[in-house]
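Chain lettering (A, B, C and D) follows the sequence in which the chains are written, and residue indices restart at 1 in each chain.
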Amino acid sequence: MKSYETVEDLPDGPLAALEAVVNTGSWRTFRPVIDRAACTKCNVCWKFCPDVAISLDGEGFPVVSLEACKGCGICAEECKPGAITLVAEE
Amino acid sequence: MARLTIPEPELMRSGHAACPGCGSTLGMRYLLKGLGSDVVMTIPACCWTVIGLPFPYTVLNVPMLDTAFETTAASMSGLRAAADALGMKDVTVVGWAGDGGTADIGLQALSGMLERRTDGIYVMYDNEAYMNTGIQRSGATPFGAWTTTTPIGVAGRGKAEPKKDIMGIVAAHQPAYAATVNVAFPEDFVKKVQKAKGIHGPRFLHVLAPCPPGWRFPPEKSIDLGRLATDTNMFPLFEIEGTTYKITRKLGKAKPVSEYLKVQGRFAHMTPEEVAELQAQVDARWKRLLALEAIG
Amino acid sequence: METAARFVIEIRFHGRGGQGAVLAAELLAQAAFLEGKHPQSFPFFGVERRGAPVTAFSRIDDKPIAVRTSITDPDLVVVLDPSLLKAINVTGGLKRDGLLIANSAKPPEELEKVFGGRIATVDAREIALAHGLGSKATPIVNTAMLGALAQAGGVVRLESVLRAIEKFVPAKRAENMAAATDAAKAIRFLAKVVA
Amino acid sequence: MPQVVISGNSAQAYAAKLARVQVVPAYPITPQTTIIEKIADFVASGEMKAQYVKVESEHSAMAAGISAAALGARVYTASSSQGLLLMHELLHWASGARTPIVMGVANRAVAPPLSIWTDHTDTISQRDTGWIQLYAESGQEVVDTVLVAFRVAEHPEILLPAMVAEDGFYLTHTVEPVDVPTQEQADRFLPPRKTSGLLTPGVAGRYGSYIGPDLHMEFRAKVAEAMARVPRIFAMAEEEYRRITKRDHGGPMPLYRCDDADAVLVTMGTATTTARSVVDAMRDKGEKVGLAKLRMFRPFPADQVRELASIVDRIGILDRSFTFGATGAAHTEIAATLYGSPHRPMLRDFIAGLGGRDITPQTVTHMFESLLNGRGPEIEWVGLKRRTEVIGYG
């Protein structure tokens, strides 16, 4: 994806096309930790994540991207089996 | 692993600038899961102007055209006309705007677009105030709610007027399809989006988008609150096709509105009498909705 | 006659949305004004989102402030959120003999890799939570940091900070005043003297 | 060349048809309405394959035009007076978004007092919006200038919207013989617009994002640079149009009998025609006067104005609008342009024809005589009544 080094590279009008590289992970003060033993792979956490920070690995376990997660806590709140706990960032 | 209950492909990426727990990002995520990628979207000044990230970044995998605050629906008509002129037959033209941008400043353009039967889907994500400018009341703010322009004081008791009945206004235009959707019910949300996509003509979706900083509740409660909004009949889920109504979620007995209010700081000041007034408004609207459905 | 020494002091606040960085700058202006000085405080508006980096500025002088531009080489940088020390270049432009005051549980020596000049730290988060200011997720540390700033000297007296809090802080005035007082006591300066 | 007797408004509609415009957002307002009515007929009869978008306000007309152009379609719309003012927010938007929309503007006074009659207050008040502004004197000039406007607006070095203004009633509703180019000529001159590709369905890309202080100025500078290139591209376009149709209208500010003139009057729009006849009449009586027709107001033709100042030392400006607290806009611009010029002609600002007040040969003759004898104020509201004779509207 072309980035804009000089003004000449800029398009005529504000056409933005670059993928987001903003690391919103630094916003959080708590991060979700998933206890795989308790996790039933029901993908509810994946479904309700506002930041698309949870992906599902080959076995169907949720994996949290620490670049994206803002620590809102919805996944922990909605996790029926209570397999997700919020841990304070150091 | 349990089967996914909504489509897997993500057309909204991570890294957007929404507040933690923002309901509107789930709304965008489910909308695009339902529509797929053959979309061109236009958005006015609203939270998403900022959420979608500044130049040179974009956080959606579909094209997005910024437009002026009042013009979402007119911008849609222009996109549809151009798409038809340029032979982009299958593209779905989508407008994505906030409650203020739709029910207040953009209402005239919305009415024009519905009346001229523009073939597109206008989606209003409703966080119930002008949130991007810092929580000022809009026509869609619920009765009694605190905002920075409806403060609480000796002479201020939050919003004095009931929430503007946007679906009622839209229904008056006999849309090809209109529906309320709630991020707490993703399956229903996506199903209605897919249904809307299959219908031609002017379509409208009213999305409830819980807003932690604006409604004053902890971010992890967004989904709980979404459920409570519907289950207390504050935000009923229903569809309209032409003039026929169909309620898509009916509980035996609705929960009291107070259950929904108590989790939110914006209602913390409400006296029992004020809660009762809101409950009466909600009950009246629910009764009318049942009646409208009964007409068939 | 001594040339008109440059008495103006320029301060940059770094925080995250919801932590009160902008209010900190404004309170500092109120405090300076109470001491008969000429203050000027302003935020840099960007993406004001809970958690997103926010910057605010203050100028304090003995005569009316003569400029209206952003502050690029501050005398003092006040960092309300320790995670910002890694996330963004908080000390950009900070004068060589300037002072970095950071809300951090660590001693100032541990921040020497961040800035080569004078450093002070105070665990404002701990102090704020002890006085019930904000939540664990978003502690409100602005008044504590102003107390620490007063202690650093040369800007405003602690007493003016307390009076400003009393007059202008919308809620929990007593707790905020206590937090400022505690932070003034708890601030730790870099032991070695910097050239 | 098929000569037809048509109005200025019809000339706008013919030009839109010939340009194979693809999207026409339409909203009525006197005196522009018969443009969009004529286009509606063209579309209904199948002569014009445009998407006719029946909007509910001028504000929405421009919004729909911008989004259609952003997706890549060729867009034409039209408005007047209050409607143009309602569009103001989006006129800025259209130039910032580099959408090459062409708009016909039927000049009309601005209320209150409410007036459906002509003057230039509406388009002049929009001179800062980043639109190219061209003023036409005749139906012929309208049809030719709208086609040239599309060619310039869509040029990759320009990509700016353009207004082609015509005086209400004195031109919009005045029928006269016009040599309408053939479709073949129009196609040769104006190829189809290649889609801008700014927005492509299914492809990530956001058009119009917000930008902080770090890059906003650079995008505004790009608009300024594009506007500065207009004169060169406009000259090229008019030259090619002349090759194809044998007609051109003399560039940004064509001169008439100015070489040995003692006094020249600068005019815009239909007053030009009348002034030209007064020049001939006074020349016949030995008065050496001339005329400068200010066709392009944005970008302002500074070179041509300095050139004029080098050959004549008395210049009168007929402003058919007035900027309260200052002078007429054309006068202000000409005075500013001449500040740096070695030539310092006497300048006079004549405010005339507001609210449709007729600019008669006598009015123009008075202006020339005032220039020649050097008497009279620097700014003069010509023909301002003392005794009000309100015409009965019975």
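Assume contacts are C-beta pairs under 8 Å (C-beta built on N, C-alpha and C of every residue); 3 or more make two chains touch, one makes a residue touch a chain.
From a predicted model like this one, the values you see are computed outputs, not experimental measurements.
Engineer: Could you let me know which interface, A-D or A-B, is made of more C-beta pairs in contact?
Structural biologist: A-B is joined by more C-beta pairs in contact.
Engineer: Could you please state the distance in Å, as a whole number, between where the Cα atoms of subunit A are centred and where those of subunit B are centred?
Structural biologist: 24
Engineer: Just the number, please: Cα centre separation of subunit A and subunit D in whole Å.
Structural biologist: Centre-to-centre distance between subunit A and subunit D: 53 Å.
Engineer: Would you kindly tell me how far, in whole Å, the mean C-alpha position of subunit C lies from that of subunit A?
Structural biologist: 32
Engineer: Measuring centre to centre with CA averages, how many angstrom lie between subunit B and subunit D?
Structural biologist: 43
Engineer: I need the residues of subunit C touching at least two other chains; which ones are they?
Structural biologist: 49-52, 137
Engineer: Taking each residue of subunit A in turn, which ones touch at least two of the other chains?
Structural biologist: Only 14, 16-17, 19, 23-24, 27-28, 70-71 qualify.
Engineer: At least two other chains touched by the same residue of subunit D: list those residues.
Structural biologist: 204-209, 211-212, 215
Engineer: For this entry, which pairs of chains touch?
Structural biologist: All chain pairs meeting the touch criterion are A-B, A-C, A-D, B-C, B-D.
Engineer: Contact residues on subunit B for subunit A in the complex?
Structural biologist: 1-2, 4-6, 10, 12-18, 20-23, 25-26, 29, 53-59, 186, 212, 218-224
Engineer: Within the complex, which stretch of subunit A touches subunit B?
Structural biologist: Residues 3-4, 14, 16-24, 27-28, 40-43, 46-48, 50-53, 56, 59-60, 65, 67-68, 70-74, 76-78.
Engineer: Inside the complex, what are the residues of subunit A that reach subunit C?
Structural biologist: 23-24, 26-30, 70-71, 88-89
Engineer: Residue numbers of subunit A touching subunit D in their complex, please.
Structural biologist: Checking each residue of subunit A against subunit D gives 7, 10, 12-17, 19.
Engineer: Looking at the complex, which residues from subunit B come into contact with subunit D?
Structural biologist: 37-40, 42, 49-50, 52-58, 60-68, 70-71, 73-79, 81-86, 88, 91, 108-109, 111-112, 115-116
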